[in-house]
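I have a structure here, written as structure tokens, and I will follow up with some questions on it.
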Amino acid sequence: MTKPLLSVRGLTLDIPLANGMLHAVRGIDFDLHRGETLCIVGESGSGKSLTSLAIMGLLDRNIRRSATRMDFDGTELTTASKRQMRALRGDRIAMIFQEPMTSLNPAYTIGDQLIEALQLHRSVSHDTARKRAIELLEKVGITAAASRLSQYPHQLSGGLRQRVVIAMALMCEPELIIADEPTTALDVTIQAQILRLLVDLTKEMNVAMILITHDLGVVARVADNVGVMYAGALVETGPASDVFGMPMHPYTRGLLHCIPQPGKTQRGTPLGTIPGIVPSLVGEVQGCAFRTRCPHTVADCRAAIPERGTPPHQFLCVHPDGARAAEGEPA
Amino acid sequence: MSVHPTIDPLLEEIQGPTPRQILRKRVTGHTGLLFGLGVVLLLVIVAILAPLLSPHDPYIQDLTNRMVKPVFMGGTWEHPLGTDHLGRDYLSRLIYGARVSLLIGAVAALISGVIGTAMGVAAGYFGGKVDAVVTFLINVRLAMPVVLVALAVVAILGGSLQVVIGVLGLLLWDRFAVVMRASTLQVRRREYVAAAQAIGASTPRVILSEIMPNIVNNLIVIVTLEMAHAILLEAALSFLGLGVQPPTPSWGLMVSEGKNMMLFEPWLVLIPGIVLFILVLAINLMGDGLRDVTAPENRS
Amino acid sequence: MLPYILKRLGLALLVAFTVSFISFSLLFLSGDPAAALAGETASGEDIEALRHLYGFDRPMLVQYGDWLWQALQGNFGESYYFKLPVSTLIGDRLSVTMILGVCGITFALLTAVPLGVVAAIRPNSIIDRLALFLSVAGQAMPSFWFGLILIVVFGIQLGWLPPSGASTWRHFIMPTIVLGYYAMPAIMRLTRAGMLEVLNSDYIRTARAKGAGEGRVLFKHALRNAIIPVVSLAAVQMGFMLGGSIVVESVFALHGAGYLAWESIARNDLPTVQALILIFSMFYIIFTFLADVLNAWLDPRMRSS
Amino acid sequence: MTAPVLELKNVTKTYHVKQGLFGKPKPLTAVNDVSLTLGRGEVLGLVGESGCGKSTLAKILLGLEMPTSGQVLVDGEEINGQDRLALARRIQPIFQDPYSSLNPRKTIADIVSLPLRVHGVGDAASRAKSVRETLDLVGLPARVLNTYPSQMSGGQRQRVAIARALIMHPEIVICDEPTSALDVSVQSQILNLLNDLRTEFGLTYLFISHDLAVVEHLATRVAVMYLGRIVEEAPVATLFEAPRHPYGRALLNSVLTPDPSLGVPDTQLGAAYPNPIAPPSGCHFHPRCPFVQDHCRAVAPRPVPIGEGHVECHLHDPDSPMYRADFTV
Amino acid sequence: DKANDTLSVAFTKELENVDSFFNSSREGVVMQRAVWDGLIYRDPVTNEYKGNLATSWTWIDDKTLELKLREGVKFHNGADFTADDVVATVNFVAKEENGVKTQRNVNWMESAEKVDDFTVRITTKEVFPAAIEFLSGPVSIYPADYYAEVGPSGMGLKPVGTGPYKVVEVVPGQHFVLEKNENYHDSPKGQATINKIDIRTIPDVNTQLAELFSGSLDLIWQVPADQAEKMSAMDDRFTVLNESTMRVGYLAMDAAGRSGMDPNPFTDLKVRQAVNHAIDRDALVDNLLKGKSKVISTACFPSQFGCVQDVTSYEYDPEKAKALLAEAGYPDGFSTPFYAYRDREYGEAISSYLNAVGIQTDFKLLQYSALRELNMKGEVPMSFQTWGSYSVNDASAMVSQFFKHGSLDDAQDDQTKEWLDIADSSTDDATRVEYYTKALQRIADQAYWAPMFSYNTNYVMTKEVEYTPTADEVLRFTNMTWN
């Protein structure tokens, strides 16, 4: 197997708060290969955004990051200097944020911002950069691209802005794109368009992508590999077909039962639920964080949880089969 | 009977403290606020108990004992802070001066608060033409130079405590209107307002019981800040000779009277100035603190 | 943008018109100007004649219209005290006040903006605390008192600066500091708050994610957006400062328009007071108008609407 | 279909929006000539993209906005003439954002009992009893009574909002995206609750949502809205099997079921999102429609009744030159 | 300073108009004496009259004074001084409608006529023995052609006279610069020695002191007693001199009942007497005014001709004051507005004495012109006022100013007016003294005023300046020299 483009081991993020230490991300591991799309899915507050910012080196000053390894194509991100990080950001690793309405600077034209993205890393002429900008705008499906360059963000609709953001991310032909909920704020039809665009572009340019979302539908349609995150831990990872075909962790299965699936779920029947709420991660966290909501909780859930399954499909649970059998699912 | 099983009480704990507990915690953790509150309270008590606390009658003059130095500059305990240019006890005048400042600040802020809040809330809630008119009035008011207009009016009507209070009250409503308008606009968009309306609550009820409680914290902040503003303005007017008139012991007036001897007896100016500074500082710290502790929760 | 400017101008004029009316009627109530004009030995008939001569017996609205019409042509009538055209009187002194105002706002901006920016970059740092302290103290500092203290310390004890007057630039240093310090806290707080908000915004994160350096992020991306409200506030403060120059001018015996205003009020010199109120208002209106135009130009959202 | 409990006849709502600080107000037709009927016990799912007028329609039904023209009838009575109190007994809302729909300064008991107090129902004791019962109904324990919204999770808050809406026993509940702010694990609890309450009390819902999967699960009928108009309306099964309007079809295509084998669908829509202040000529949808012809740009389609619903598209209008009897997805 | 031969002086007040006929302030008098000349000159020390622009004068009849004029005098603008200038000036200022600010100074003149180029006759309206004194005081002679051209406001902006100093710069509100008149005629005023006088308006004494410390002022005057005391005690860089002035402080009361007060206590003699008894004038003089100030009990300054001192006086006796108030029907006192225009602390101290006997005062400090206006309208029940008699050393300059039914007369007493008329218009000194005495007696008996004290002026100057002040409160730049 080839060497992964990005390899993360034991990434831990702690935030000191007035009432204790918030363990926002608790030792997560994952690998990402070139041209591959990894989707990280999880409830609000499970640490998805922080994980992505940790890779970018854009965490707030007060957040403590530690990892045994964060290797990006031979560069160890944990020890990289500020300058090195800055050279990576926007050039080899690009990022797309959730809010298309606010992630473009209102004071500058689309053209200025696109061109800046290129000129920060390549010493190219303004004209060349402009040509590249037009080319990419057309590529992301924006018509009359040349005239858009002189427009300001507020003159574009949400869907168009997100396309601009994507174009901006692609300006330097990055090897890795991190997209943090790029479609959550968009309408369903536009969401589908944007996702399709992202998938097509990554495949075409052989770019690796980490796509963060809380929508299982998006994950299933986009991901090569899936990471299910709960309370700061990756509780299940694996190829999309495996995770959706045979979800091992009780949380993953719970999530899948919660959503109505046209054609599959009987109309009007009760949906599955996961009662309770995400526990606070302030203070010492022991054992499985999901045990407070899990129907299969046993005493051992408080102890250290073993990693189960065989790569690439792995999960964290005291039950060897993730209690699949207990739910009457085929093992 | 329950259609849906009750959520397991053990699993879904009610989180966190009540808003009041949060407030208490934030207040006790905010040194600026505590300092401001403490000083203001102290001065309020001093003002209320002025007749008991002041060693002398602040109006009794003794021309043979003029400008006696305060005790820390070699004076005696008879007049701990010395006497002024007419031989009146400086400490007593300072104590009574607290009454003047606090009274002016409080009443002026009250008057302008009522005017400004009514205008601001009406503008924010009803929008449209009401808003246009109020915004216009705010513009007009801001365009008028406060000190100049206040001086002119005081000159016309004569400088008495009532006139000064009235003039300041009628001039300082702009910030109330601006802030209350903005807060109301913001709260008005919240869905609980729509919910109350959909329930059938009348407009006064919506304003009083849904909107007001959510903007009252901003109101309190502005009240304190405007109170400080009014106190400073009164001092400035009195300093210019067109505020409250002697022998009323206003701190601004005391600075103005002490000014003549400033080069020789600087304490005459320093003492009332410092007291004025501390009072205004304390009120401002209180206001800033209140703003901090009542601000919606932020992440840190 | 042009229609915006025109409409904004219309509003400015309407405000100016209303202010002029209020200031006229305010002082109209202040008593019989004819008696004041007539002098010591005047009899009832004399006063009556004067009243008629000056048109004080006409309805107020007519008098107002007349006054406004004259004022528009730069004629504010004759000072009761100096018996000189008010415009001549004011013209001389306005420059002093303007110099003071410009110096004051410059001082305020030059201290407040850098402090606010640094405080926002490093919240809770020493500089942030210093900035906060300066602004809290500034807001509580009675400017007349501050001025007196400066005079005693720098004018007398140390003898570094001339204690009063306006003949050289050194005379303007202390008044500038006092007036500027009055405007500084608000500007600093707004800069700090604006910067904090902008620095937490998504587009700043985007800029960082593009690989932009810290300096570029701060000055190209953040400050540009944070400065927009500061421009408005500076204009408002400038307007307030001219109004507030009364106090400072009287402390430093600067013979500017503010000082003239104070004296004219005390002297019951109605035409001068009326003219000064109107002129100070006009300055406020003009400054805020210019600030809005500048903002409309700085802020593309307004530029294109 | 049962007797209509709610009926909209040619309802139009036009706002005048100012552009910029001083711009001349321009008309914005948020709801454009909408006619709908809703039978007792039905759930009408209202879907459409952001800004198409769904919430405006809801506000009109709640009496929070007056329609510019047209009638709204509840049980055959026009509600424009009725006072808000009377209307409030029959129609109640549940809003999208559980963080903004509860007054943070009030206790849960105050919030839930507000309708009783506004309507002057009962005395303090009977009100308290009623509040407890209703909280129980939505699955909240009595100990939440004296807590504040800020102490609750999103799901709990939404339950409080539901309790407040139900305490006066309304006939119709307007749910404006009641779950879109919630995590899926909580969303399903609320959906189940709403469904259970409906069967228990025979409520009628107008259920507004972005999420077609949810609508399909809960609704009996579906209306698809585009730029202020209902472009297609049909029983849920019909619509989900064979959407007739190109936009309805695109919406349906965009539903992402968690099935890894399907990939991201192609909606075949253009990217040009129209400006509601200057809507496109003819058929509002034409700039994005994959089947657009010149006729669409010139002539606005009319509603054509089909089956138990209707659709607004030239392709389905027998009188139109573009009519294609065989047109299906 | 001495180095560039420029003396920097501060004025407290900004002149409304430098034209001496159109201001009524002390600073105006100072300017007037420097820039212009009168026909006659009174030596401030010996009080002897000497010729100035006139060389000799004789009464032709009761009402006609003939004056011989000095030849070869030139105005600052180069124009020659002739009888025409005198005639034009007198005829202009004597006309009431021309609005000379202090009518009393000029309204005794009917007109002037030219006899020949250097002889004029001035006709008085009534018999007016004080004419010589007035001609040596406030009546200055203006250049006829120039004045006709520019009028009072032009004269104010660019003054032209014959005096020892000419005005070279006027920046309204800021400063005036005077320069030595090299061509000054051989006047009893003497020739100026200091080349330039820079007069700055600095309203605040405190600032004046600061400027003096910092060396940008050479001389200040009218320094309050406290500061002057400190200055003389603390620093050997300065000379502090004290000289009495003709200024008298007094309380005016609305005896005629002109103000709208109802009931008006001041119409009651007992109340006015009570006010007189309530105030400890000695304490005021000893502790506040100090220097050469004296307690005064008549409505004039003691050195003035006709100003007798042996009138009814009211000693400080608060108990008696209270008793009188009670008798008058105010056992609990009453409250009244109390106005003042200068010396806030004196006013405050006085009001404190009044408060002590039960007269509650609502203290109002106005600018002089504003108070005067109110006063003229008769709307001032009680005020603390001062009068400097324009340095005219004749009782008529004060008592006749206020008790002859003018708009500033709060007594409006016919008897007093009658006696004053006689005194003012008699040419016989004995008769004048007799009737001034009667009038002053009556004013004291009726307690129309409560005369308080005479003022003094403190002059503070650097050791570089040599100057001996005079008792008439006029700064004479001509008499100043460098040490």
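Which chain is which? They are A, B, C, D and E, in the order written, and residues in each are numbered from 1.
The definition used in the following text is that a contact is a pair of C-beta atoms (placed from the backbone, for glycine too) under 8 Å apart; a residue touches a chain by one contact, two chains touch by 3 or more.
No experiment lies behind these values; they were computed from the predicted model shown.
The chains that touch both chain B and chain E are C.
In this structure, the chain pairs A-C and B-D differ in their number of contacting C-beta pairs, and the larger number is found at B-D.
The geometric centre of chain A is 50 Å away from that of chain B, both derived from CA atoms. Centroids built from CA atoms put chain E at 91 Å from chain A.
We define each chain's centre as the mean of its Cα atoms; on that basis chain B and chain C are separated by 23 Å.
Under the contact definition stated at the top, the residues of chain E that touch 2 or more other chains are 204, 210, 213, 370.
Multi-chain contact residues of chain D (touching two or more other chains): 153, 189, 192, 196. In chain C, the positions touching at least two other chains are 11, 151, 156, 250, 266, 268.
Note for the complex: chain B touches chain E at residues 59-61, 63-64, 66-67, 85-86, 155, 158-160, 241, 245-247, 257, 259-264.
Interface of chain A with chain D (complex): residues 43-44, 141-143, 157-160, 163, 187-193, 195-196, 199, 214-223, 240-241, 244-245, 254-265, 267-268, 270-275, 277. Residues 204-206, 209-210, 213, 224, 226-227, 230, 234, 280, 283-284, 286-288, 337, 344-345, 347-349, 351-352, 355, 362-365, 370 of chain E touch chain B in their complex. Against chain D, in their complex, chain B makes its touches with residues 1-7, 9, 12, 14-19, 22, 190-192, 194-201, 205, 210, 213-214, 297.
For chain A in complex with chain C, the residues that touch the partner chain are 56, 58, 86-91, 94-95, 97-99, 102-109, 116-117, 120-121, 152, 154-155, 165, 168.
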